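What follows is a single structure, written as structure tokens, with notes after it.
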Amino acid sequence: MKIGLYPGCSFEGSAREYAESLRAIAPPLGMELEEVEGWSCCGASSAHAIDHGLSLALPASILAQAERQKMDEMVVPCAACFNRLASAKSDLAANARVRQQVADMIGMSYAGTTIVRNILEVLDRVLTPEVSKTFPNTFPHKVVCYYGCLLVRPKSVTREGRIEDPVQMDELMNRIGAKPLDWGMKTECCGASLSVTRTDVVGRLSGNILEDAAGRGAEAIIVACPMCHSNLDMRRKDIERTTGKKFSIPILYVTQAIGLALGLDHKQLGMQRHFVPVDLKGKSKIQIKPQTGVKAAV
Amino acid sequence: MENSFEPKIVAFVCNWCTYAGADLTGTSRTKYATNVRIVRFPCTGRIDYNLLLKAFEQGADGVIVSGCHPNDCHYTSGNFHARRRWIVFRQMMEYMGIDMRRVKFSWVSAAEGAKWAEIVNETVQEICDLDPSKEFSETAIQKVA
Amino acid sequence: MSRVGVFICHCGENIGATVDCRKVAETCAAIPGVSYSVDYKYMCSDPGQNLIREAIKQKNLTGVVVAACSPRMHEPTFRKTCAAEGLNPYMCEMANLREHCSWVHTKSDATTEKAIDLVSMMVEKVKRNKPLYSIKVPVTKTALVIGGGIAGIQAALDIANAGQKVVIVEREPSIGGHMSQLSETFPTLDCSQCILTPRMVEVAQHPNITLYTYSEVESLTGFIGNFTARIRKKARGIDEKACTGCGDCSTACPFKKNPSEFNMGLGMRSAIYIPFPQAVPNKPVIDRAQCSYYLRGKCQFCVTKCPANAIQLDQEDELIDIPVGSVVVSTGFNIVDTSFFPEYGYGKYKDVVTGLQFERLLSASGPTLGEVKRPSDGKVPKKIVFIACAGSRDPAKGIEYCSKICCMYTAKHAMLYRHEVHDGDAYVFYMDIRAGGKGYDEFVRRAIEEDNVNYIRGRVSRVYERGGKLIVRGADTLLGAQQVEIEADMVVLATAGVANAGAEELAQKLHVSYDSHHFFAEAHPKLRPVETNTAGIFLAGACQSPKDIPDSVSQASAAASKVVGMFSGDELTREPVVAVVNRSAPPAFSTCVGCFMCQSACPFHAIEREEIKTRDGKIIKTVAKVNPGLCQGCGTCVAFCRSDSIDLQGYSNEQVYAEVMELMS
Amino acid sequence: MSIANHVDVTLAETVQDEIGMSVNHCYQCGKCSAGCPAANEMDFAPSIIMRLLQTREAASEMKILGSYTIWLCLACHTCDARCPMDVDLPRIMDILRAESLRRKVVHRGARDIIAFHKSFLHTIRHFGRMWEVGLVAGYKLRTRHFWQDIVLAPLMLKKGKLALLPSYHKKLSSRFFSNAGREVEQPK
């Protein structure tokens, strides 16, 4: 299957292992990825936070380029970029006048013909149960799938039917022989957009996520979002500082888990880039103090 | 309305659904255009389509025919008969050269006060874009004669 | 030359504010044939009506046009007025200046213009009206009550006690409805079963009441006073005469693992079962979807075990036609579909239950025999959270309205829980407390003040499971909307009430209108709350809107009194709005050619063939004839008639053409 | 609070014009506040912001625009996903932030956050793409938080997650930026 690819900035920096693992599993899964030429940043959280025009212009320019390259579909592995592109697309579809203004801004024609897909939609298509049977290995681990916000909300943008309890990632894990556990933080926010400026908030929110995952005896948290990954992995020290607890649970990109099932080695999948070492033998070990009853009744 | 002229529109409605619906529009104080005059029938099944011709001949610019939704007819099947006869009659009116955009068919239930207001406003707007009705005097008469 | 009187009503400010009534009256005075035209503040008031009567007398009017509110509101009023003055009531017509003009337009010349058109249109009609005389039809003095819940039971008993015959049709195997599932009832906390069961028995034993349980209305034909109901009596698989209700069959049945409908799936029942101990009739029914005999053709344990040989596995559905004079619809309500609350984890977590399920957990006849135990592990919940408005007032998910009963039953639930589990904490998340009603607010205050139920004003965002606890994340909007997190053992949703599945279908069978939420529509929200738009069909209870028991019962009694009133005479007078085939003497002159298109079009089979014979009995021709008893006056036949031989009284071709021509002139 | 001193064009109107829904649509159930992951840090819970909007009072508007809340919103969309009245709070927050900047009444605690956004946009303006080093440098200069995350950088470098040089040099056309942005009306 030939499909367009918008890598997004993190693919060159903080999420290189995501890029590497995706590119590693693409051929065996029969995916041919065509990169959008001369792509720019999608604006992420900053653009729409303070400059609405920009938050439409940047995605529009990317989509316009994709159209030039005749892409019917484009996979956007970064959940944040996916969300920005998809919502800009629906905003532009909703209002012709705005569409025109934006087209003028970017100086390119924009029709909105390229369909924006997130990584799960695409993997679900190529990694069918049949295909998974042909895999050399399995990924026999207890995991929790963490979707975060950007893959599921808002419904209108993500086309996700089950926003409170999504399952595509869990199904993918099932197919590669993992045991996805039910847990409480599937779609809770990790605090990404305050990662740098309010690390304490991130510490608390991401802390809850690690705590719940570890508390249920998960061996790894599976993610499909560089923001979530960098918060849960790179910011592990900060989390431990705010929560006063130690967490050993590794964070894997969905593509890395699949890579392991495909029998690729850690290096091919960029595992060495993780801050939290990926050892899936030992269960993550931490004790969680019993919670108190009514929290905020102060 | 860009167009200045005030179209004359007559509405043939059934007593049980659309007339009641229009009453609800009133009780809920929803405003709509003044151009429509409602003629009340017991049932859309009663509406003899020659009345539409008569209306156009008399200079109506548009006609609304509205009754109960399918299956909701107070008399079980009046609205179905109306719909069936309309299929035939419409061809004749087209043959006579009447612009069929002047005739609006709709189902409005007793609970759909808001919908009635919408239908009236839409129709008035559409008819305004069509200019006053001349077809009948100009074409229809000659064709029939 | 006709002498029409035109009476323009201001309806206080309702019409007067936007329509220049004086001008309308003056303009209409000029219409040929109008000999009197006046405007007045309130036409429907006594002085107003006297104004009309005086005019009829003084000007000796031949017709009257009252331009006021909708004819659906006051046509009867003004027709009576005319009749009182000796003018045939059907010479009086109304122009709808309020609902169709003043209320939907702003003050302007156009509005007044429209008013004038509407009035003159009616004047042209009235000029062509003919005196009509109301039709007498016989009444079948039997009432059909659809639905055997508390509303149906009440209505049936009231009618039966007034000496009239009643037929009750209940879909379930037993009567009793939702009320029989309830534990205690607010605000008095008396046990639901204790007050209901005697009524149920009374129904079963009443000489005037025939009870069809496990049956449904297949169709309803005819018209007020003369309906025919076709009832499908679903096969129970039991000979009800022979069966003694001993229950041996259920004990014998090897398939006991079927979720019990009566216990909302919290308990199990066998494939052949009596829904609950106090069921009326106390006869079992075989659930053919679960019974091995029907699934695999094997196992007849019940048959062998039955001491009365009452089991009839080959029994089939029965169709019964019953003539009835009027119908009371009391099919009740249901609770919103359980897939409604993804964020509350209903269906995902066993210990998140609906209000009705919690009633069963509290009920002495319930799966836990009245002990509050949570479904997952049977432990007694020490911390319980009630979430109000679970479904109600949620336009985003489709139920905009307030379900009315939840505030009260939630207070009751919390209170009963506290009585049951003294060391337990009860929390209620609410938006508003709607406790209008006798002793209702006092009841809620008692829950808060005496039983120390913690009421927290705010909606719950999410419920999820952690370490065997249900984490309820809400906010306290009275403390600056600060977050509240409660680790609960159990969560009860104050589930919204919705129209019964199939309500729409039934409404269509009965030809009564229903609202956008599929609740049956009353004829007038204030003045005719138990009538429907179809004469002879009345509403009782929650099928019209969610209601508590007192409301349902009083509405039921109201409906019953309507029925009894209807049955008080031997015949009813019907509006003479019926079709007639023109028959000027000698009969041969009827223009009817006997194509009988009308016959095939008529929904009421009101068109008969009539042979016109010469004196020596030679048939000249066969023409159509309308049976005025059966004709409902829809007029479909008129539109079908190819030779203009059939016409509808009150909506004659002459009249409607005159209206249209007047409008456009 | 006196309901007297209204302002001529209220924030409520601005919001309504842009999201096509009256702020009165909110019936204050508090579900948004209940689910908001950042609510504990906020000076006003999201539902309180809605309430303040509903008052249409000059005083309330200053409270809103000067609030920390509008800057702490994570745009995680938990609120509007569950809002029974379909109120699009994240979009309202966007609008309020823009207005707060326009009227220059930004909460002092929000300076860092704005500094971050500014340096982010500055970086992509110059390199077309995000470049962590540039971003962080810019941020530190703006905020003087020189020591923040100082341990992270070398580690990222070691793990190959930090590019010392921007991967790509393509200035973004200035037409993309806020002056232009202002001309763009928010889609209804």
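We call the chains A, B, C and D, going by the order they appear; numbering starts again at 1 in every chain.
The definition used in the following text is that contacts are C-beta pairs under 8 Å (C-beta built on N, C-alpha and C of every residue); 3 or more make two chains touch, one makes a residue touch a chain.
Quick caveat, the model's predicted, so the values are computed rather than measured.
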Contact-richer chain pair (by C-beta pairs counted) among B-C and C-D: B-C
Chain occupying the most central position, where position means C-alpha average: C
Inter-chain centre distance, chain A versus chain B - centres from mean C-alpha coordinates, in Å: 55
Distance from the mean Cα position of chain C to that of chain B, given in whole angstrom: 30
Distance between chain centroids, defined by C-alpha means - chain C, chain D (Å): 51
Multi-chain contact residues (two or more partners), chain A: 163-164, 296
For chain B, residues that touch 2 or more chains besides their own: none
Junction residues of chain D, two or more chains touched: 40, 78
Set of all touching chain pairs, with the criterion as stated earlier: A-C, A-D, B-C, C-D
Residue ranges of chain C touching chain B (in the complex, touch as defined): 70-72, 96, 98-100, 103-106, 108, 110-111, 113-114, 117-118, 121, 507-508, 511, 513-516, 521, 533-534, 577, 601, 603-604, 632-636, 638-640, 648, 651, 653, 656-657, 659-661, 663-665
Touch list for chain A against partner chain C, complex: 162-165, 182, 184, 212, 215, 291, 293-298
Parts of chain D lying in touch with chain A, wherever the complex brings them together: 37-38, 40-41, 72, 74-78, 80-81, 88, 90, 94, 97-98, 101, 112-118, 120-121, 124, 128-132, 136, 139, 148-149, 151-152, 155-156, 159-163, 167, 170, 172-173, 175-178, 180-188
Complex contacts: residues of chain D adjacent to chain C: 27-36, 39-40, 44-48, 78, 82-86
Of chain B, residues touching chain C in the complex: 6, 8, 10, 15-17, 19-20, 22-23, 25-27, 29-32, 34, 37-43, 45-49, 51, 54-55, 58-60, 71-78, 81-82, 85, 109-112, 117
